[in-house]
Amino acid sequence: MDQIPILSLITYAPLIGALILFLWPGATGRAVRWIALLGTGVSFVLSLAMLAAFDRSAPGMQFTEFIDWLPGLGIAYRLGVDGISAPLVVLTTLLSLISVVASWDPIQRRVREYYISLLLLETGMLGVFVSLDLFLFYIFWEVMLIPMALIIGIWGSENRVYAAVKFFLYTLAGSLLMLVGIVAVYQAYFEQTGVRTLNVLELAQGTYGQAFQMWAFAAFFLAFAIKIPMWPFHTWLPDAHVEAPTAGSVILAGILLKMGGYGFLRFNLPLFPDATRAWAPFIIVLSLIAIIYGALVALVQPDLKKLVAYSSVSHMGFVTLGIFALNAQGLYGAMIVMISHGLVTGALFLLVGILYERAHTRQISAFGGLHRSMPVAAAFWGLFAFASLGLPGLSGFVGEFLAILGGFRVYRWAGVIAMFVVILAAWYMLWVLQRIVMMRAPGEPPDPDDPELRLATAHAVPPAAGGAGPHEHAVDPRTFPDVNWKELLTLAPLAVLTVWIGVYPGYLMRILRPAIEQVLTGFGRIGF
Amino acid sequence: MAIEVLIFYLLAGVAIAAAAGVVLARNPVHSAVSLVLSFVNVAAIYVMLRAEFLAVAQIIVYTGAIIVLVLFVLMLVQQQDLPEFHGGRPLRRAVGFLLGLALLAEVAAAILTRSLRGAPGSWTPEAVAAVGGNIQAIGRELYSVYMLPIQATALLLLAATIGALFLARPELIEERLAIARRLFTISLAHPRGVDPLQPVAELPAPQDGQLKLAGGDRALVMARSAEEFTEQPAWGEIRR
Amino acid sequence: MSELTTAHFLFLSAALFIIGMVGVLTRRNVLIIFMCVELMLNAVNVSFIGFAWEQNALTGQIFALFVIAVAAAEAVIGLGIVMALSRRLDTVDIDEVRQLRE
Amino acid sequence: MDWEALIISYLFGFVLLNVLLLLMAYMTWFERRLVAFFQDRIGPNRTGPFGLLQPIADAVKLISKEDIVPANADRLIFLVAPLLSFVLAPLGALVVPFGESITLFGRQINLYVIDINVAALYFLAVGSMGVYGIILGGYASGNRYSLLGALRSTAQVISYELVLGLSLVGIFILTGSLSLVEILRAQQRTLVLGGLELPNWFILSQPLAFVLFLIAAVAETNRAPFDLPEAETELIAGYFTEYSGFRFSFYFLAEYINMIVVSLIAATLFLGGIDGPFADGIWWLAAKAFIFLFFYVWLRATLPRFRYDQLMGLAWKVLLPLALINIGMTGLVRLWGIGAL
Amino acid sequence: MEWIADWLFIIPLAPLVAAAVNFLLGRWWIRDRAHWIAVPAVGISFLASIPAFLAVARQHGPLTQHLYTWIPAGDFQVPVTLYVDQLTAVMLLVVTGVSFLVHLYSVGYIDGDSGYHRFFAYLPLFVFSMVMLVLASNFLVLFVFWEAVGLCSYLLIGFWFRRRSAADAAKKAFIVNRIGDFGFGIGVMLLFVTLGTLNYAEVFERVETLSAGTVTAIALLLFTGAVGKSAQVPLFVWLPDAMEGPTPVSALIHAATMVTAGIFMVARTHPIFVASPTAMLVVAIVGAITAFIAATIAVTQYDIKRVVAYSTVSQLGYMAIALGAGAWIAAIFHLFTHAFFKALLFLGSGSVMHGLHDELDMRRMGGLKRYMPLTYWTFLIGAAANAGILPLAGFWSKDEIIVGAWVAGYPVIALIALAAAFFTSLYMFRAVFMTFHGEERFDRAHLHPHDPPWTMSVPLVVLAAGAALAGFVGVPPEQGWFHHLLEPVFEGTAHHEVSPVTTLAFGAISTVIALAGLYAAAAAYVLGAISPAAVAERLGPLYRLAYNKWYFDDIYQRLIVEPARGFATFLWRQIDVGIIDAAVNGAASLVVWTSQLWRRAQTGLVANYVLAIALGTVIIVGAYLVAGSNLFR
């Protein structure tokens, strides 16, 4: 081997951590956490090195690794990254690292098992992003499923088992369809060329019949649509998000959802260009429904995590809209939305987790006035809420605008409807911001210098308190301590990246460019 | 009539007669002996079919191991436990014979009307001879095209070994597992998990070395471990 | 019928298989049933090898090899089960064993 | 079909069988004399010169004894079982090459009965069949001692059979064939080891396999120190307790023929078989086989019997892993092509 | 002065750095020293704007500085380039100048608040955003800072976040603005899709190639953004509520600068509007309606800041009229003068509040003239300027707008504007009289009104001077220095020739109208000749209409907000949980139910299973024989 197998190193560094934990049953919680941190940290550092060494001008796969596995079946251990997967790999390693830190204190039960799951999960996710062999991809896809279900089902909150089972079955149903699709493509390629291979790049060279493409596309599409998730396959998401522990939600929202979008870009588009064109209008309609629907439903959620979950549905609608707009803006937009959503929603879940640690509830009505008791947290809330609602200058805007623009270029109405969400997003996000960060804690009397109080005494109107009704919860938001340094450590990098991508998306887009141009070339749209 | 055909009829006739003996014999040991006879004849037919390796494998695995094991078990299981052949259930026997006859008729029809023929393979007798013989040919094929199945089979055999250990001495396995669980098992969802406070579920273990009392006068006294008989350690055994 | 044809072997295979099947259906002793199952497996092997012989292919032989391997695994587990049955239920009569219910 | 070759093969086989029987008879004499020597006594020396007629006398005695069938016995099997043992015992010798082919009556005659390309496996298969004689005999006697002896013996034989087979795999890997003729040819080459020219006998390149084979072969033939089935102190005489006279002699014959066959095979596999200077190959083979036979007797005279669990433990916990290690090592050596093997 | 072209970035950078420093370090380190960072930063920005202005004014050529490419997405390239022409230069001066004064004023006003550093982080951030907004040379960059000023507005309105009303107002401001941005965003996208670029220069070059419908659509969509940002009907509802923010914020953002961004944007993109007469008409009509409605509402309000706020809305309506009438320079002129007098009015009312302990209700003021003379006089100047009293700033610019509407062929709109002018004068002097004249209705036992400290007075005085004198840059009407300055920008647009007679006539008419309003106010609140209560009684429904802000808020609440929430709840409860999730769970239940059914086949007897298997084999082989073999063929 003439070069370092860096992708394998990145992928298996967490696995090695998991193995160490597995073989060291007597490890104390402290040791377990440090090992997990080391595993994810090594992976993260390596992925940064990978990104630094990434040739931003070269199209095609880089850092490829190839080991023949089952040559008779055309199965090989093929790894590689291009502009699409490289940022996602870094996002994965970063969010995993953050998840490890974010779980430091909250997870006190079955720590070793938890971190083993987390590390396994990371390996699975990284494997999904780096594998170029459909067989390998499928293995990683399934590998990732189990630890995630365990994380939800064991370390989640009240209704966790239901959520875990739902998550598992939904995703499994999708991935089975994908398996059918994989076999179909494999067979079709074999019949066409007489070569047995599962190499994605090679399969993409084949030309398949229109009818076959339609069905195979649908098989892949359903798997990814469930993962991403698209309306109406989204109902696992709110449950899974709500019940998962903080780190689980972060990874779920930050990375797992991206696999759907990644799958579209890596498999559906290159393999089935004709079917993509045929299905695109239909998918764009679904995307629009998801965008508006997610935002509207988010508007009336009483539960913070559910709200963020539905907002994810809405955001992921932008991803599919952008991808199936099939033009440069759309694809850039989709990719940036994915990365930005990973950062922003991840951070929002961290923030919810921080609140949950203190209040042991996620009901919005239980909070209020956190700006006073937790000013730093409030600042982060503000930042990420605005990033989520697509404020220019933060990462969300770049992606969303490009995705909408992409959609608008194809179908005017699609752009208009999608744009409508800028209002709805502002509505629900600011509503949350107002209810938990601003105003007063539930039941807290108005400040003495508040003009409302004077108004009340003058007109004998009862002062409108910050929240509804008297104390419903034993824990008073006024007593919450502000974020500690570990929590700050998890949030700060996300904030920096959010601003950076918002202000200077060029860096990211230059990484994406060759890959996106390649995808577009498959559609005969050079230069778009 | 060629001599091969004659030999074939001889071998096949004995094989079928022995197979019938398996079903008809009252004494299970006789069944087993019949089966061995049948297998040996079938192995000879394999040789006629240019499958020397399989013939030998048949003898080693089937007769040399499997049927020996059956005999073993037959002798370990108490004779009283063996049910009578003529113990009623006439309906099922009738149905069984009828189904057998029906299937025979169908298969005979299928064989006689057989028309499906695949493309002939490349392993002509000359080709087999060129690589050194049947066993070399099988080896080449097996370890190139059938790599995955052979690995899967290996895994299956490993699983079967473990399963057999468990089935044979459940109480021993439980003890071992309890240790292993404390040490190695990652019990993620299981309530018992690594929690040392919870005792490992216990199966009723033989109290006084007597595995079996009920069902007759022939209590078979076995030692659960070598130490029950002597104080000396067994070969290769590590004393805890 | 003056030459050996595949049909010869297929009939042998069919005969062995059906004898085995009838044994499985009619006998009550688990061990005899077990032996009959082995007989059936062996009958299938005869077919496989017969086809391999006919087609000058090794696939049949290799399949038969796998069948033997699987049969070995099956024997180990099957006999283990018989031992366990005999220990726990004091019987190897298939009609007495109803533990598969539930 | 080459009828003549077939008939010659059969003839050769017939000759071989008779020679084996004769050898077996004198093997008993040899053993008794040798053991006596070890034990500082004289042994049979009255019948004929040096007691050389003793085996014949024994045979006459056994044949003329009453054939007793116990009332409790499973009659058919009881009668068949010793026969089975006896018939199977010499079959292994059919694949042993006794020399280069010779020309007789204008025909090329091979000094072996058959050369099949699974010869080594065939030897193992025949060995594994031999166990039926024991287990069926033990069962059919209707005697609990016999049964237990048979069970022990069977377990022992199938365990060591495994070791026996695995110990040979190294040789198969090195020669790339299972045919004994091929294996012999492989040993006729020269092994150059540090300037020293040695015959390429597998005892040199597979020493571990040789030791394993030796131990397993002793156990396989139920000889001391692995003669558990006939542990008189515990089980009277094991599986053949109920046998007498002629039927007993079948078991007896089988045991000794087995010893000879195993010795021949071992000599062929590990000591180069017919390979040797100055004399005809067959004399070399006989000489090498004799070493093994002597070794058998030596063991019997020297070592105490194993305890049963020690016996099984040895097979499964020591020999089997060693055999596997040997296979792995051989495979790696072959893969990396170390040494001009 | 060309050197400034390379240093343009200083203008936005200084406040940005100040904002960042105060935001990141304010809590731990800077605390109440925050103004030492913010005020000089904005000062630098102002000082840097002056040479830029001079350079442009002399040279008549725009300055540009390319910073970096923000979004490179295929053919969609968004460079960030600073661009200064005369229009921008004027705006820069207004923005940085007023900002500097307001910063200064805030030092005294916010003093002692726990969020001191926060305030001085948000306010420079706003200055940065606003400066960038005017410096933008690209529609998307404009859009970005368009939203960024919205963010700052949100943050500053919600500065006293613990008040529910402030939090509500902030949210409302942002969301209503977003409605405008919705249109604006689509407009930008439409521009890109049809023209393939978003840079001003290229867009304006190619705008003629578009069809009339497309141009109208683009213009109206862009104007939607202006409607939101510049608080035109029907999206003006956020601006009065925005007065929940601190008064300097109201002065800076919601009077002088941010709300005029819409006007600026329309003026900036005038080639597009010029290409679409329909759009121009719509702009003018919306402006007129806004001017009138807001003026009527202002008359009935008691909250001093709300009066000023509605006055702002009304004045923004005037500017829109000017835009629609094609009187671009008049619009910018009014924007310029309005910045002075409206900031002055807000700061003045802030002084009043400061003196009266955050009292806002004019019914509890009165007679303050005696206690705070400086505030009184400056406020009076501001009010008079707003009312259009000769020769104060407002007169010149407003007069020019009305004339512009008249000559552009919109006489009805000109008349509405005149009517609104009467109300303008009425509410302005009503505020002055109710606050500073008459009996002292405040709690004299506890309150001791006084003039503010110097940091607050200096801006008042400076702004009063501006309000009094700023109008003279545009004198004589249509031919003033200001007009000549801006002419290059609006070169090539149709220019209406205005006869001096028309100018004089309208000058006289509007003066009369203003004085009429002044008299009416005096009659009601000083002389007591008219009882306001009686008038209100008599007007009945009309009064209630105006008092309740023409029911805009209620209509929105009833017709949009509540149905939307209801629909959302329906989607959640019925569709999401009721149908989609129920289908999923139903599928699971179906499986369980079916399994229960099949479970009965489980007898536990192996023999039965075997029999079934054998039967199945027979059937399958039979099926093969029938279907697959040639037995029956």
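Going by the order they are written in, the chains are A, B, C, D and E; count residues from 1 in each one.
By our rule, contacts are C-beta pairs under 8 Å (C-beta built on N, C-alpha and C of every residue); 3 or more make two chains touch, one makes a residue touch a chain.
The model shown is predicted, which means the values in this text are computed figures rather than measured ones.
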Fewest touching-chain hops separating chain A from chain C: 2
Smallest count of steps, each to a touching chain, taking chain A to chain E: 1
Partner chains shared by chain A and chain B (touch criterion as defined above): E
Most central chain, Cα average position: A
Chains linked by the largest number of contacting C-beta pairs: B-C
Separation of chain C from chain D, taking each centre as the mean of its C-alpha atoms, in whole Å: 32
Centroid distance [mean C-alpha coordinates] between chain E and chain B, Å: 85
Computed distance of Cα centres, chain E from chain D, in Å: 104
Chain D residues counted as touching two or more neighbouring chains: none
Chain A, residues touching no fewer than two other chains: none
Where chain B touches two or more other chains, by residue: 53, 57, 65, 72, 76, 92, 95-96, 99, 103, 107, 114, 134
Touch relationships between chains, expressed as pairs: A-B, A-E, B-C, B-D, B-E, C-E
Chain A-facing residues of chain B, complex: 144-145, 147-148, 182-184, 186-189, 193-194
Chain E-facing residues of chain B, complex: 92, 95-96, 99, 102-103, 106-107, 109-110, 113-115
For the chain A and chain B complex, residues of the former touching the latter: 22-23, 25, 70, 72-73, 110, 112-113, 116-117, 150, 153-154
Complex contact set, residues of chain C against chain E: 21, 24-25, 28, 33, 94-95, 97-102
Residues on chain E engaged by chain A in the complex (per definition of touch): 23, 27, 68-76, 140, 143-145, 147-148, 151, 154-155, 158, 161-168, 170-171, 174-175, 178-179, 181-182, 185-186, 189-190, 192-193, 358, 360, 564-565, 567-569, 571-572, 575-576, 580-581, 584, 588
